[in-house]
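Each structure below is given as structure tokens.
Both complexes shown next keep chain A, but they swap its partner, so chain B is in the first and chain C is in the second.
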Partner chain A sequence: MRARLPSTSLLVALAVVALTAPFWLTNPYWLHVLIMGGIFAVLALSLNLLLGYTGQLSLGHAAFFGIGAYASALTTLKLERSAWEGLALAALLAGLAGWAIGRLALKLRGAYFVLVTISFAGVISLVSVNWMELTNGPLGLPGIPAPELGPWSFRTKRAYYYLVLAAVALSYLVCRRLVGSRIGRAFLALRENEALAESVGIDVTRYLVLAAVISAAMAGVAGGLYAHYTRFVSPEVFLFTYTVTMVIMVVAGGKGTLAGPIVGALLFTALPEALREVTSWQWQMLTYGLILVLLVFFLPRGIVPTLSRLRKSP
Partner chain B sequence: MTLAVRDLAVRFGGVTALDGVSFDVRAGTITSLIGPNGAGKTTAFNAITGYLRPSGGRVTYDDAPLTGLRPCDVARRGIVRTFQKTSVFPALTVTDNVMIGLHLRGTSGLAAILAGARRVLEEERSLRGRAGEIIALVGLEHRRDHVASALPYGEQRLVELAVALAARPRVLLLDEPAAGMTGVEKDTVSRLIRTIRGLDITVFLVEHDMRLVMGISDVVIVLNHGRVIAEGAPAEIQTHPEVIRAYLGTGGGAAGR
Partner chain C sequence: MEALLQHLVNGLVLGGTYALLGIGLTLIFGLMNVVNFAHGEFYTLGAYTAFATLALLGLPFLAAIPAAIVVGIVLGALCERVLLRPLRGESIDSVMLVMIGLWIAMQNAELLGWGGVAKSVPHPFPTKPLVVGPLGIAPLRLFVFVTAIALIVGAQLVIHRTKLGRAMRATFQDADTAALMGVRIGRIHTATFALGSGLAAAAGALLGPIFLVYPSMGDLASLKAFSVVILGGLGNVAGATFGGLLLGVVEELGAGYISSGYRDAVGFVIIILVLLLRPSGLFARTERIG
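What follows is the complex of A and B.
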């Protein structure tokens, strides 16, 4: 599997735009949108590993996001450790949850896997509401500190933007290296033809669990980043809407592509905000829905695959 | 180095698909398993390769048991099978199909891959080279960048063969490799099977085309109603009274497709 990569000049241009964004994007509100877009990009990249490469639809992805958010928040608030340790623990705990889900869902594919993931997210969400001593229940956990690195603090939006940008770049790199390797090919083999994959010695169990663990750990890091950015975590992080948004981002951007989830994440984070500025609230979600329907209708394979095909055959 | 099947039985509820079957596939031979439709040929393949848990009996290769192993572990022992229905990785190119087949030949682990270690890149390059050789062996060089599902039927079957060969089989189980092929394509396949045997790979095939079977097999095993009714060289099988009765008695299954 040779991943179709964008040309070098395009990549350099994108890097320059991304690195200088806080300087020309003077409105702090739009910088906030960009940061949220980045956090969602990490989430979409992680979901894409499962949905786009192994072909398994996880509708409980918000659970890994939420576990990461709580893990990181509690590490700093209760254990009084640094935000970095919080992020590491977020990845670890979410990865562990991913392992459990992967094992549980092994015998279940398709609709059954989807149901297991939804139920899992439901259970975790209930725990976060009811385990008052740990999570403070529906009141949530306020006062989560921003990460600090030596003398620098990531308290400002501009600084945090760069932290999130680094996380997106790292997630992209992880996905790219995986996809271009024998592990990524094993993921694809599961999606394409499981029986044939087994016949050439691919251990379906092992690779399905591995994909779930990596995907969940990445979503956990995104959750941690979210917690230290908004400084507040409540059971709302487990909302089903988050999962649906992630799926929309992956599918509209182009599942099974490397750039698709990032494009989808940026577009569908910015779109509701842009619509808020140009239409009244009654029309905002309606227009959002309409745009989504049109996108899926005209670009069923997603934005990125369609664009790269246009570029190949001018 | 013999694939030994002993008293292999498979029952689905009240239906007995295999009723205590025993035979050997000796190293270096081309051995064929024939029989009328529903005789239990594909069931035998599934039970040998771990896709189906047999109700009784055992399978060993080189005296090590295969029964109870998962399909991927059977493949790890060098027993690789193909499928009766065309079975490729449809959305991927021919090269990527074969690269997946090479899975067991790669050794790169997760850490090295994530770190982008140089030996991972070197391994990728050498695997890509091997994929090219295997694609050339089955004669699909001109198709290497084509998506598998877009190829004509006969070529998809060759992709399937290439994927199986990539998994470095010591015994290759082919389930109706020539089914639905034209005469010319069948000749290509039988030539390929001989080439494969020349590569020190034992070939065990299920096939309906008698001309092909009798032309290339060293040993032919005949299955009927879940039992072995004859075993021997092609010439003996063709005149074996029991075999003739089995085929004519069930309405001419020997005509194949």
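What follows is the complex of A and C.
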């Protein structure tokens, strides 16, 4: 089943808006929000690949994000290579971790898979805090350089915005090609009825591992982008709040759709910023918890599928 | 050698409370098939109840545990009625997400209500440890251990010797037949969740005076509870008891001999290893991996 494209004119309008944003957004703060939203969009798309298409929930995705962030940071700081190599290594190492999880959790489904991912994230988090020689522990790694392309540096918000925009577009395209291909159909078969899928010859484990690797690699790239933007990495990237936020973005936006995670990511990056004046961070998280419960009860498919269903009905 | 014995003793004390947490969760996860990520929050709730009872209301020390249990039971029953019953037939993922939402909501409500500063729970025990041969044990910890064992025995009695317990076991073996026999299935679900939550709250009230009470204390408790349940086998109360004690001891030995920074990793590693090598747990009678 091919994913439905929103109408071409809508796409063009969005593209124009997105490409010119740094010019009409006068306040650099909002550009910052868009950049963070973009990084989370890549992250949400990666989680969606696992949750929305294969049906397995990973609550350890922050581990891949963090591995990517640390990998990229250490590549530029300790190995003194360029940020691009850092991003590549981030994808590689995170992908490797995804492979390990995929292969190890082969037999596990549902709640057990979730528990293994949480445990894995927990161990990685403890390692990042305790292995001071590598990660500098709780002190973190400051002064991560911004990416450079020849004479241009991506240090400015405007330049970084375009980098992140490109990353989001690339991730969307990768997901779209994947979902529309035979592999994507195998994922959906896995999600809908695993026994049936196996009976028609789909190698369930192979596709689950593949999904885990791609998902983890994408999350790793998001982590690398985060590291080079905020120029500082600490074990805080493994905080459970990031995982929770990711899950809400995917579930609220619409798991199993491609636009859903992007919408969810932008919404749940902009929302806390907008609410920052009004409420404290704890009220926000409290509301997130309530939103999650309400979503499951009232809007289980998420925002994007509900909207597109409304659009289709006369 | 003394150090080893001392670690064992400390581990058993901690393990007793882990066993309480595990028994509660094995009832909820093992019998009701609810992935209760909010289990640790009931533990935190119990700890804060103990704090409120002792530090704010100034009641005698022995009132704290029953107060915590009651609060855990009442809130547990409420959560089951409001959140879980409407979702009874839904996929396990939806239930999981709702429990995650409950987890976040409860923790941040506690953060807002009590503040992030850790609270210390007053207790009347002398701080000088009781010395038995080469071992020393603080009177408070001895009290915790004895109470934990008493509660574990109590829970076993409820499950195996009372009508309620029999109804629970019947419901989770075969709900339809139990219903035909006149068991009110809805009530049993509520009671099971309430009992599990009450035990978690008791564990929190017991550990509160030993460690400090702060809003995020439940996170690790949840995961260790899952660790114990997986170790002991789902739905297996005796397994959870042994698993809890084992986890406590292994954690203490690990912290003492290997590294204390990685102490919490023991629970995680157990989850990963057991699920990979022996997913049905050390003692389970039936295979159930997903």
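Things to note:
The criterion applied here is as follows: the second predicted complex is superposed on the first by the 291 of 314 C-alpha atoms of A that agree within 3 Å, B and C clash if a C-alpha of one lies under 4 Å from a C-alpha of the other, contacts with A are read in each partner's own complex, and residues count from 1 in each chain.
Quick note on the criterion: a residue touches a chain if its C-beta (ideal position, glycine included) is under 8 Å from a C-beta of that chain, and two chains touch if they have at least 3 such contacts.
What you see is a predicted model, and the numbers here were worked out from it, not measured in a lab.
Applying the stated contact rule after C-alpha superposition, one finds that A:E198 touches chain B and leaves chain C untouched.
In the superposed model, A:I291 makes contact with chain C only, not with chain B. Contact with chain C, but none with chain B, is seen for A:L108 once the two complexes are overlaid on the shared chain.
Touch criterion met: A:F240 reaches chain C, while chain B stays clear of it.
Ranking chain B and chain C by residues of chain A touched puts C first. In the superposition on chain A, A:W283 contacts chain C only, with no contact to chain B.
Contacts of A:E273 after superposition on the shared chain: neither chain B nor chain C is touched. Looking at the complex, you find that chain A touches chain B at residues 1-2, 174, 177-178, 180-183, 185-186, 188-189, 192-193, 195-204, 210. Across the complex, chain C meets chain A through its residues 29, 35, 83, 86-87, 92-94, 96-98, 100-109, 111-112, 219, 223, 226, 230, 259, 261-262, 264-265, 267-269, 271-272, 275-276, 279, 289-290. Across the complex, chain C is touched by residues 55, 57, 59, 104-105, 107-116, 118-120, 122-123, 126, 129-130, 240, 244, 247, 251, 280, 282-283, 285-286, 288-293, 295-297, 300 of chain A. Chain B meets chain A in the complex at residues 49, 51, 70-72, 75-76, 80-83, 87-92, 96, 99-104, 106, 108, 110, 113-114, 116, 120, 124, 127, 163-164, 166-167.
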